[in-house]
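Quick notes on the structure that follows.
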Amino acid sequence: MDVLYFAWVRERIGLPRERVETEAQTVRALVEELRAREDRYEMAFSDLSALRVAVDQRLTDFDASIAGAREVAFFPPMTGG
Amino acid sequence: MDVLYFAWVRERIGLPRERVETEAQTVRALVEELRAREDRYEMAFSDLSALRVAVDQRLTDFDASIAGAREVAFFPPMTGG
Amino acid sequence: MEVWVQEATFDVGQELNAFAKTAEGSGAVVSFTGITRDIAGGLRHMEIEHYPGMTERALGDIRLEAITRFDLTGARIIHRYGRLAPNEVIMMVLTAAPHRADAFKGAEFLMDYLKSRAPFWKREVTADGAEWVAAKDEDEDALKRW
Amino acid sequence: MEVWVQEATFDVGQELNAFAKTAEGSGAVVSFTGITRDIAGGLRHMEIEHYPGMTERALGDIRLEAITRFDLTGARIIHRYGRLAPNEVIMMVLTAAPHRADAFKGAEFLMDYLKSRAPFWKREVTADGAEWVAAKDEDEDALKRW
(Lines give C-alpha, C1' and ligand atoms only; values in the text may rest on other atoms or scores of the structure.)
Protein backbone atom coordinates (compact mmCIF):
# COMPACT_ATOMS: atom_id res chain seq x y z
CA MET A 1 0.00 0.00 0.00
CA ASP A 2 1.02 3.64 -0.38
CA VAL A 3 1.81 5.49 2.82
CA LEU A 4 1.70 9.29 2.56
CA TYR A 5 3.08 11.95 4.89
CA PHE A 6 2.18 15.63 5.00
CA ALA A 7 3.44 18.82 6.65
CA TRP A 8 5.88 18.24 9.53
CA VAL A 9 5.29 14.48 9.44
CA ARG A 10 6.64 14.53 5.88
CA GLU A 11 9.58 16.67 6.99
CA ARG A 12 10.48 14.40 9.91
CA ILE A 13 10.27 11.23 7.89
CA GLY A 14 11.98 12.90 4.96
CA LEU A 15 9.76 11.80 2.15
CA PRO A 16 6.20 12.47 0.96
CA ARG A 17 5.15 8.93 0.17
CA GLU A 18 6.46 5.41 0.04
CA ARG A 19 5.34 1.92 -0.84
CA VAL A 20 4.95 -0.28 2.25
CA GLU A 21 4.40 -4.04 2.28
CA THR A 22 2.69 -4.97 5.51
CA GLU A 23 0.55 -7.58 7.19
CA ALA A 24 -0.80 -4.99 9.64
CA GLN A 25 -4.59 -5.01 9.93
CA THR A 26 -5.05 -1.65 11.64
CA VAL A 27 -3.56 1.81 11.43
CA ARG A 28 -2.11 1.37 14.91
CA ALA A 29 -0.31 -1.87 13.92
CA LEU A 30 1.07 -0.14 10.83
CA VAL A 31 2.36 2.73 12.98
CA GLU A 32 4.12 0.24 15.29
CA GLU A 33 5.84 -1.36 12.31
CA LEU A 34 6.98 2.02 11.00
CA ARG A 35 8.20 3.21 14.43
CA ALA A 36 10.37 0.11 14.73
CA ARG A 37 12.14 0.95 11.47
CA GLU A 38 14.23 4.03 12.16
CA ASP A 39 14.57 7.00 14.47
CA ARG A 40 12.95 9.39 12.01
CA TYR A 41 9.75 7.30 12.11
CA GLU A 42 9.92 7.04 15.88
CA MET A 43 10.23 10.83 16.01
CA ALA A 44 7.34 11.42 13.64
CA PHE A 45 5.02 8.99 15.44
CA SER A 46 6.09 9.69 19.05
CA ASP A 47 2.80 11.43 19.96
CA LEU A 48 -0.21 10.00 18.17
CA SER A 49 -2.53 12.56 19.75
CA ALA A 50 -0.73 15.16 17.58
CA LEU A 51 -1.47 13.18 14.43
CA ARG A 52 -4.41 12.53 12.17
CA VAL A 53 -4.84 9.64 9.77
CA ALA A 54 -6.77 9.05 6.56
CA VAL A 55 -7.38 5.66 5.01
CA ASP A 56 -8.17 5.81 1.31
CA GLN A 57 -8.59 9.58 1.60
CA ARG A 58 -11.12 9.48 4.41
CA LEU A 59 -10.35 10.74 7.91
CA THR A 60 -10.49 7.97 10.46
CA ASP A 61 -8.84 6.90 13.74
CA PHE A 62 -5.87 4.76 14.66
CA ASP A 63 -8.00 1.70 15.36
CA ALA A 64 -9.41 1.70 11.85
CA SER A 65 -8.84 -1.32 9.62
CA ILE A 66 -6.41 -0.99 6.74
CA ALA A 67 -7.24 -4.38 5.24
CA GLY A 68 -7.44 -3.86 1.49
CA ALA A 69 -6.60 -0.17 1.74
CA ARG A 70 -4.80 1.44 -1.19
CA GLU A 71 -3.39 4.41 0.70
CA VAL A 72 -2.88 5.49 4.28
CA ALA A 73 -1.89 9.07 5.07
CA PHE A 74 -0.47 10.60 8.25
CA PHE A 75 -0.47 14.31 9.00
CA PRO A 76 -0.89 16.91 11.78
CA PRO A 77 -4.26 18.51 12.57
CA MET A 78 -5.40 20.47 9.56
CA THR A 79 -5.16 24.23 9.29
CA GLY A 80 -7.12 25.20 6.20
CA GLY A 81 -9.38 28.16 5.63
CA MET B 1 -43.43 70.96 12.80
CA ASP B 2 -43.27 68.71 9.76
CA VAL B 3 -45.27 65.51 9.93
CA LEU B 4 -44.22 62.79 7.47
CA TYR B 5 -46.04 59.66 6.34
CA PHE B 6 -44.57 56.63 4.62
CA ALA B 7 -45.79 53.49 2.85
CA TRP B 8 -49.48 52.69 3.43
CA VAL B 9 -49.77 55.44 6.05
CA ARG B 10 -48.87 57.91 3.30
CA GLU B 11 -51.38 56.28 0.95
CA ARG B 12 -54.22 56.38 3.47
CA ILE B 13 -53.62 59.97 4.44
CA GLY B 14 -53.02 60.93 0.85
CA LEU B 15 -49.86 62.99 1.24
CA PRO B 16 -46.23 62.42 2.11
CA ARG B 17 -45.71 65.33 4.47
CA GLU B 18 -47.48 68.33 5.87
CA ARG B 19 -46.85 71.26 8.16
CA VAL B 20 -48.74 70.90 11.45
CA GLU B 21 -49.13 73.59 14.10
CA THR B 22 -49.78 71.90 17.41
CA GLU B 23 -49.57 72.33 21.16
CA ALA B 24 -49.30 68.56 21.64
CA GLN B 25 -46.45 67.54 23.94
CA THR B 26 -46.29 63.83 23.05
CA VAL B 27 -46.61 61.71 19.95
CA ARG B 28 -49.81 60.22 21.35
CA ALA B 29 -51.38 63.65 21.82
CA LEU B 30 -50.40 64.60 18.26
CA VAL B 31 -51.99 61.40 16.96
CA GLU B 32 -55.24 62.21 18.80
CA GLU B 33 -55.30 65.66 17.21
CA LEU B 34 -54.75 64.19 13.75
CA ARG B 35 -57.38 61.46 14.21
CA ALA B 36 -59.95 64.09 15.10
CA ARG B 37 -59.37 65.88 11.79
CA GLU B 38 -60.78 63.60 9.11
CA ASP B 39 -61.68 60.01 8.32
CA ARG B 40 -58.46 59.40 6.38
CA TYR B 41 -56.41 60.18 9.51
CA GLU B 42 -58.74 58.07 11.65
CA MET B 43 -58.20 55.23 9.18
CA ALA B 44 -54.44 55.59 9.13
CA PHE B 45 -54.13 55.75 12.92
CA SER B 46 -56.83 53.23 13.86
CA ASP B 47 -54.34 50.63 15.11
CA LEU B 48 -51.26 52.13 16.71
CA SER B 49 -49.71 48.70 17.25
CA ALA B 50 -49.36 48.50 13.46
CA LEU B 51 -47.45 51.79 13.38
CA ARG B 52 -43.98 53.01 14.17
CA VAL B 53 -42.93 56.57 14.88
CA ALA B 54 -39.72 58.56 14.54
CA VAL B 55 -39.12 61.96 16.15
CA ASP B 56 -36.39 63.97 14.45
CA GLN B 57 -35.39 60.87 12.49
CA ARG B 58 -34.94 58.61 15.51
CA LEU B 59 -37.24 55.66 16.23
CA THR B 60 -39.17 56.13 19.45
CA ASP B 61 -42.54 55.28 21.00
CA PHE B 62 -45.91 56.97 21.18
CA ASP B 63 -45.28 58.35 24.65
CA ALA B 64 -42.19 60.22 23.50
CA SER B 65 -42.05 63.99 23.84
CA ILE B 66 -42.36 66.08 20.70
CA ALA B 67 -41.55 69.36 22.45
CA GLY B 68 -39.19 71.27 20.17
CA ALA B 69 -39.20 68.52 17.53
CA ARG B 70 -38.66 69.55 13.91
CA GLU B 71 -40.19 66.46 12.33
CA VAL B 72 -42.35 63.54 13.35
CA ALA B 73 -42.80 60.58 11.00
CA PHE B 74 -45.38 57.79 11.01
CA PHE B 75 -44.98 54.53 9.12
CA PRO B 76 -45.62 50.77 9.26
CA PRO B 77 -43.01 48.32 10.58
CA MET B 78 -39.97 48.46 8.34
CA THR B 79 -39.19 45.85 5.71
CA GLY B 80 -35.67 46.57 4.50
CA GLY B 81 -32.90 44.19 3.59
CA MET C 1 -18.80 57.46 4.74
CA GLU C 2 -19.40 53.74 4.47
CA VAL C 3 -23.17 53.80 4.00
CA TRP C 4 -24.78 54.23 0.59
CA VAL C 5 -28.48 54.67 -0.02
CA GLN C 6 -29.03 54.85 -3.73
CA GLU C 7 -31.48 54.26 -6.54
CA ALA C 8 -28.90 53.03 -9.03
CA THR C 9 -27.92 49.41 -9.31
CA PHE C 10 -24.36 48.40 -8.42
CA ASP C 11 -21.91 45.61 -9.10
CA VAL C 12 -21.55 43.39 -6.03
CA GLY C 13 -18.28 41.91 -7.32
CA GLN C 14 -16.72 45.34 -7.69
CA GLU C 15 -17.92 46.30 -4.22
CA LEU C 16 -16.45 43.15 -2.68
CA ASN C 17 -13.11 43.74 -4.38
CA ALA C 18 -12.98 47.38 -3.33
CA PHE C 19 -13.92 46.54 0.26
CA ALA C 20 -11.46 43.63 0.53
CA LYS C 21 -8.71 46.00 -0.55
CA THR C 22 -9.47 48.35 2.35
CA ALA C 23 -9.61 45.35 4.69
CA GLU C 24 -5.98 44.34 4.25
CA GLY C 25 -4.62 42.60 7.28
CA SER C 26 -8.06 41.57 8.44
CA GLY C 27 -8.07 37.91 7.57
CA ALA C 28 -11.82 37.53 7.21
CA VAL C 29 -14.25 39.33 4.90
CA VAL C 30 -17.96 38.46 4.82
CA SER C 31 -20.52 39.77 2.35
CA PHE C 32 -24.27 39.45 2.28
CA THR C 33 -26.21 40.22 -0.89
CA GLY C 34 -30.00 40.51 -0.95
CA ILE C 35 -31.75 39.80 -4.24
CA THR C 36 -35.42 40.45 -5.14
CA ARG C 37 -37.25 37.14 -5.20
CA ASP C 38 -40.52 36.29 -6.80
CA ILE C 39 -41.89 34.27 -3.90
CA ALA C 40 -45.57 33.99 -4.77
CA GLY C 41 -45.04 34.05 -8.54
CA GLY C 42 -46.12 36.82 -10.87
CA LEU C 43 -43.95 39.59 -9.46
CA ARG C 44 -43.60 42.36 -12.01
CA HIS C 45 -41.40 44.55 -9.93
CA MET C 46 -40.72 45.68 -6.41
CA GLU C 47 -40.79 49.24 -5.14
CA ILE C 48 -38.75 50.30 -2.17
CA GLU C 49 -39.70 53.49 -0.36
CA HIS C 50 -37.41 55.01 2.23
CA TYR C 51 -37.09 57.99 4.55
CA PRO C 52 -34.27 60.17 3.21
CA GLY C 53 -32.10 61.46 6.02
CA MET C 54 -33.30 59.02 8.63
CA THR C 55 -32.21 56.06 6.50
CA GLU C 56 -28.59 57.22 6.32
CA ARG C 57 -28.60 58.03 10.01
CA ALA C 58 -30.11 54.68 11.06
CA LEU C 59 -27.70 52.70 8.88
CA GLY C 60 -24.76 54.75 10.14
CA ASP C 61 -25.75 54.06 13.76
CA ILE C 62 -26.23 50.32 13.12
CA ARG C 63 -22.86 50.20 11.38
CA LEU C 64 -21.02 51.82 14.29
CA GLU C 65 -22.76 49.52 16.74
CA ALA C 66 -21.66 46.47 14.73
CA ILE C 67 -18.06 47.68 14.54
CA THR C 68 -17.91 48.23 18.30
CA ARG C 69 -19.61 45.00 19.28
CA PHE C 70 -17.65 42.69 17.03
CA ASP C 71 -14.28 44.42 16.74
CA LEU C 72 -14.73 44.85 13.03
CA THR C 73 -11.95 46.51 11.07
CA GLY C 74 -14.45 47.61 8.46
CA ALA C 75 -18.15 47.56 7.58
CA ARG C 76 -20.07 48.87 4.60
CA ILE C 77 -23.76 49.00 3.74
CA ILE C 78 -25.29 49.65 0.32
CA HIS C 79 -29.09 49.71 0.02
CA ARG C 80 -31.18 50.63 -2.99
CA TYR C 81 -34.60 52.22 -3.22
CA GLY C 82 -37.01 52.80 -6.07
CA ARG C 83 -38.15 50.24 -8.62
CA LEU C 84 -36.44 46.85 -8.84
CA ALA C 85 -37.10 43.98 -11.24
CA PRO C 86 -37.08 40.36 -10.00
CA ASN C 87 -33.55 39.01 -9.49
CA GLU C 88 -32.02 42.44 -9.05
CA VAL C 89 -29.63 43.18 -6.21
CA ILE C 90 -31.43 45.10 -3.44
CA MET C 91 -28.66 45.56 -0.94
CA MET C 92 -25.30 44.39 0.33
CA VAL C 93 -23.45 44.45 3.60
CA LEU C 94 -19.73 43.84 3.97
CA THR C 95 -17.73 43.22 7.13
CA ALA C 96 -14.05 42.61 7.84
CA ALA C 97 -12.43 41.36 11.04
CA PRO C 98 -9.30 39.56 12.19
CA HIS C 99 -11.45 36.55 13.16
CA ARG C 100 -14.03 34.85 10.99
CA ALA C 101 -16.63 34.46 13.77
CA ASP C 102 -16.67 38.24 14.28
CA ALA C 103 -16.97 39.00 10.57
CA PHE C 104 -19.93 36.59 10.34
CA LYS C 105 -21.63 37.90 13.48
CA GLY C 106 -21.11 41.49 12.39
CA ALA C 107 -22.80 40.84 9.05
CA GLU C 108 -25.71 38.97 10.64
CA PHE C 109 -26.17 41.73 13.19
CA LEU C 110 -26.20 44.37 10.45
CA MET C 111 -28.77 42.38 8.48
CA ASP C 112 -31.04 41.75 11.46
CA TYR C 113 -31.02 45.41 12.44
CA LEU C 114 -31.42 46.91 9.03
CA LYS C 115 -34.34 44.55 8.31
CA SER C 116 -36.42 45.94 11.17
CA ARG C 117 -34.80 49.24 12.16
CA ALA C 118 -33.87 51.03 8.96
CA PRO C 119 -36.76 52.95 7.36
CA PHE C 120 -37.35 51.00 4.16
CA TRP C 121 -40.70 49.66 2.97
CA LYS C 122 -41.15 47.17 0.17
CA ARG C 123 -44.13 46.97 -2.13
CA GLU C 124 -44.68 44.12 -4.55
CA VAL C 125 -46.40 44.82 -7.83
CA THR C 126 -48.07 41.88 -9.57
CA ALA C 127 -50.71 41.52 -12.26
CA ASP C 128 -53.27 41.61 -9.42
CA GLY C 129 -52.12 44.97 -8.10
CA ALA C 130 -49.65 46.27 -5.56
CA GLU C 131 -49.21 45.17 -1.98
CA TRP C 132 -46.99 46.37 0.85
CA VAL C 133 -44.81 43.61 2.18
CA ALA C 134 -45.75 42.85 5.79
CA ALA C 135 -43.02 42.81 8.41
CA LYS C 136 -42.30 39.29 9.65
CA ASP C 137 -42.41 38.34 13.32
CA GLU C 138 -39.30 36.25 12.74
CA ASP C 139 -37.40 39.37 11.69
CA GLU C 140 -38.39 41.16 14.89
CA ASP C 141 -37.54 38.02 16.88
CA ALA C 142 -34.12 37.86 15.22
CA LEU C 143 -33.13 41.02 17.10
CA LYS C 144 -33.55 39.34 20.47
CA ARG C 145 -30.42 37.29 20.15
CA TRP C 146 -28.12 40.33 20.14
CA MET D 1 -18.30 20.68 -9.85
CA GLU D 2 -18.51 23.49 -7.35
CA VAL D 3 -15.23 22.89 -5.53
CA TRP D 4 -11.93 24.32 -6.78
CA VAL D 5 -8.53 23.55 -5.31
CA GLN D 6 -5.98 25.60 -7.18
CA GLU D 7 -2.60 27.25 -6.98
CA ALA D 8 -3.56 30.30 -9.03
CA THR D 9 -5.00 33.40 -7.49
CA PHE D 10 -8.56 34.39 -8.34
CA ASP D 11 -10.78 37.45 -8.36
CA VAL D 12 -13.28 37.31 -5.49
CA GLY D 13 -15.49 39.94 -7.10
CA GLN D 14 -15.78 37.95 -10.30
CA GLU D 15 -16.52 34.81 -8.32
CA LEU D 16 -19.27 36.54 -6.34
CA ASN D 17 -20.86 37.91 -9.51
CA ALA D 18 -20.72 34.53 -11.26
CA PHE D 19 -22.16 32.74 -8.24
CA ALA D 20 -24.92 35.30 -7.66
CA LYS D 21 -26.01 34.80 -11.27
CA THR D 22 -26.49 31.06 -10.70
CA ALA D 23 -28.35 31.83 -7.48
CA GLU D 24 -31.24 33.67 -9.10
CA GLY D 25 -34.42 33.40 -7.11
CA SER D 26 -32.53 32.68 -3.92
CA GLY D 27 -32.85 35.99 -2.13
CA ALA D 28 -29.74 35.64 0.01
CA VAL D 29 -26.11 35.19 -1.03
CA VAL D 30 -23.29 35.06 1.53
CA SER D 31 -19.58 35.03 0.80
CA PHE D 32 -16.60 34.48 3.04
CA THR D 33 -13.11 35.44 1.91
CA GLY D 34 -9.99 34.42 3.81
CA ILE D 35 -6.91 36.61 3.42
CA THR D 36 -3.34 35.86 4.57
CA ARG D 37 -2.57 37.97 7.61
CA ASP D 38 0.75 38.88 9.09
CA ILE D 39 -0.24 38.28 12.70
CA ALA D 40 3.13 38.23 14.45
CA GLY D 41 4.80 40.65 12.05
CA GLY D 42 7.60 39.77 9.64
CA LEU D 43 5.69 37.29 7.48
CA ARG D 44 7.46 36.88 4.16
CA HIS D 45 5.03 34.44 2.72
CA MET D 46 2.79 31.55 3.57
CA GLU D 47 2.94 28.08 2.09
CA ILE D 48 -0.12 25.89 1.92
CA GLU D 49 0.34 22.16 1.47
CA HIS D 50 -2.58 19.91 0.70
CA TYR D 51 -3.47 16.30 -0.07
CA PRO D 52 -4.47 16.13 -3.73
CA GLY D 53 -7.47 13.88 -4.19
CA MET D 54 -8.54 13.83 -0.57
CA THR D 55 -8.88 17.63 -0.52
CA GLU D 56 -11.40 17.66 -3.35
CA ARG D 57 -13.27 14.75 -1.81
CA ALA D 58 -13.40 16.30 1.68
CA LEU D 59 -14.56 19.67 0.36
CA GLY D 60 -17.14 18.00 -1.85
CA ASP D 61 -18.54 16.05 1.11
CA ILE D 62 -18.65 19.14 3.35
CA ARG D 63 -20.39 21.08 0.59
CA LEU D 64 -23.13 18.46 0.15
CA GLU D 65 -23.61 18.26 3.90
CA ALA D 66 -24.07 22.05 4.08
CA ILE D 67 -26.56 22.06 1.21
CA THR D 68 -28.65 19.35 2.86
CA ARG D 69 -28.57 20.79 6.36
CA PHE D 70 -29.40 24.37 5.46
CA ASP D 71 -31.53 24.00 2.33
CA LEU D 72 -29.01 25.88 0.28
CA THR D 73 -29.78 26.48 -3.38
CA GLY D 74 -26.07 26.71 -4.10
CA ALA D 75 -22.64 26.47 -2.50
CA ARG D 76 -19.14 26.92 -3.87
CA ILE D 77 -15.68 26.52 -2.36
CA ILE D 78 -12.41 27.81 -3.79
CA HIS D 79 -9.19 27.10 -1.88
CA ARG D 80 -5.63 27.83 -2.94
CA TYR D 81 -2.42 26.01 -2.14
CA GLY D 82 1.24 26.82 -2.74
CA ARG D 83 2.99 30.06 -1.91
CA LEU D 84 0.99 33.13 -0.89
CA ALA D 85 2.19 36.63 -0.04
CA PRO D 86 0.67 38.59 2.87
CA ASN D 87 -2.74 40.06 2.02
CA GLU D 88 -3.44 37.57 -0.72
CA VAL D 89 -6.76 35.77 -0.96
CA ILE D 90 -6.42 32.21 0.39
CA MET D 91 -9.92 30.92 -0.08
CA MET D 92 -13.58 31.75 -0.53
CA VAL D 93 -16.88 30.09 0.21
CA LEU D 94 -20.20 31.15 -1.28
CA THR D 95 -23.70 30.12 -0.27
CA ALA D 96 -27.17 30.94 -1.57
CA ALA D 97 -30.53 30.25 0.06
CA PRO D 98 -34.08 31.60 0.06
CA HIS D 99 -33.58 32.77 3.68
CA ARG D 100 -30.69 34.81 4.98
CA ALA D 101 -30.24 32.80 8.20
CA ASP D 102 -29.65 29.63 6.15
CA ALA D 103 -27.17 31.30 3.81
CA PHE D 104 -25.22 32.59 6.83
CA LYS D 105 -25.32 29.28 8.69
CA GLY D 106 -24.32 27.38 5.57
CA ALA D 107 -21.25 29.57 5.07
CA GLU D 108 -20.23 29.33 8.74
CA PHE D 109 -20.66 25.56 8.69
CA LEU D 110 -18.52 25.28 5.55
CA MET D 111 -15.81 27.42 7.13
CA ASP D 112 -15.80 25.54 10.43
CA TYR D 113 -15.55 22.20 8.69
CA LEU D 114 -12.98 23.09 6.12
CA LYS D 115 -10.78 24.67 8.81
CA SER D 116 -10.41 21.38 10.67
CA ARG D 117 -11.52 18.66 8.28
CA ALA D 118 -10.05 19.50 4.89
CA PRO D 119 -6.42 18.41 4.43
CA PHE D 120 -4.62 21.73 4.21
CA TRP D 121 -1.58 22.73 6.25
CA LYS D 122 -0.21 26.23 6.51
CA ARG D 123 3.41 27.16 7.05
CA GLU D 124 4.55 30.69 7.78
CA VAL D 125 7.92 31.81 6.49
CA THR D 126 9.55 34.75 8.29
CA ALA D 127 13.10 36.10 8.53
CA ASP D 128 13.58 33.70 11.46
CA GLY D 129 12.67 30.63 9.45
CA ALA D 130 9.59 28.60 8.67
CA GLU D 131 6.99 27.29 11.08
CA TRP D 132 3.92 25.12 10.65
CA VAL D 133 0.78 26.87 11.88
CA ALA D 134 -0.64 24.98 14.86
CA ALA D 135 -4.29 23.99 14.80
CA LYS D 136 -6.34 25.99 17.27
CA ASP D 137 -8.52 24.40 19.94
CA GLU D 138 -11.15 27.03 19.19
CA ASP D 139 -11.38 25.76 15.61
CA GLU D 140 -11.96 22.21 16.80
CA ASP D 141 -14.46 23.51 19.36
CA ALA D 142 -16.31 25.42 16.65
CA LEU D 143 -17.43 22.09 15.18
CA LYS D 144 -19.34 21.16 18.30
CA ARG D 145 -22.14 23.60 17.65
CA TRP D 146 -23.27 21.84 14.48
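Just so it is clear, A, B, C and D label the chains in written order, and each chain counts residues from 1 on its own.
By definition in this document, a contact is a pair of C-beta atoms (placed from the backbone, for glycine too) under 8 Å apart; a residue touches a chain by one contact, two chains touch by 3 or more.
Everything numeric here is computed off the predicted structure, so don't read it as measured data.
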Pieces of the assembly without chain D, by contact: A | B, C
Chain A and chain C, separation of their C-alpha mean positions in angstrom: 48
Computed distance of Cα centres, chain D from chain C, in Å: 23
Distance from chain B to chain A - Cα centre to Cα centre, in angstrom: 72
Chain A residues counted as touching two or more neighbouring chains: 81
Of all residues in chain D, the ones touching two or more other chains: 34, 100, 111
Interchain pairs in contact, sorted by label: A-D, B-C, C-D
Touching residues on chain A, where the partner in the complex is chain D: 4, 6-8, 10, 54, 57-59, 73, 75-81
Complex contact set, residues of chain C against chain D: 11-17, 20, 23-35, 37-38, 86-87, 89, 98, 100-101, 103-104, 107-108, 111, 142
Chain B-touching residues of chain C, taken from the complex the two chains share: 34, 48-51, 53-54, 57-58, 79, 90-91, 111, 114-123, 132-135, 139-140
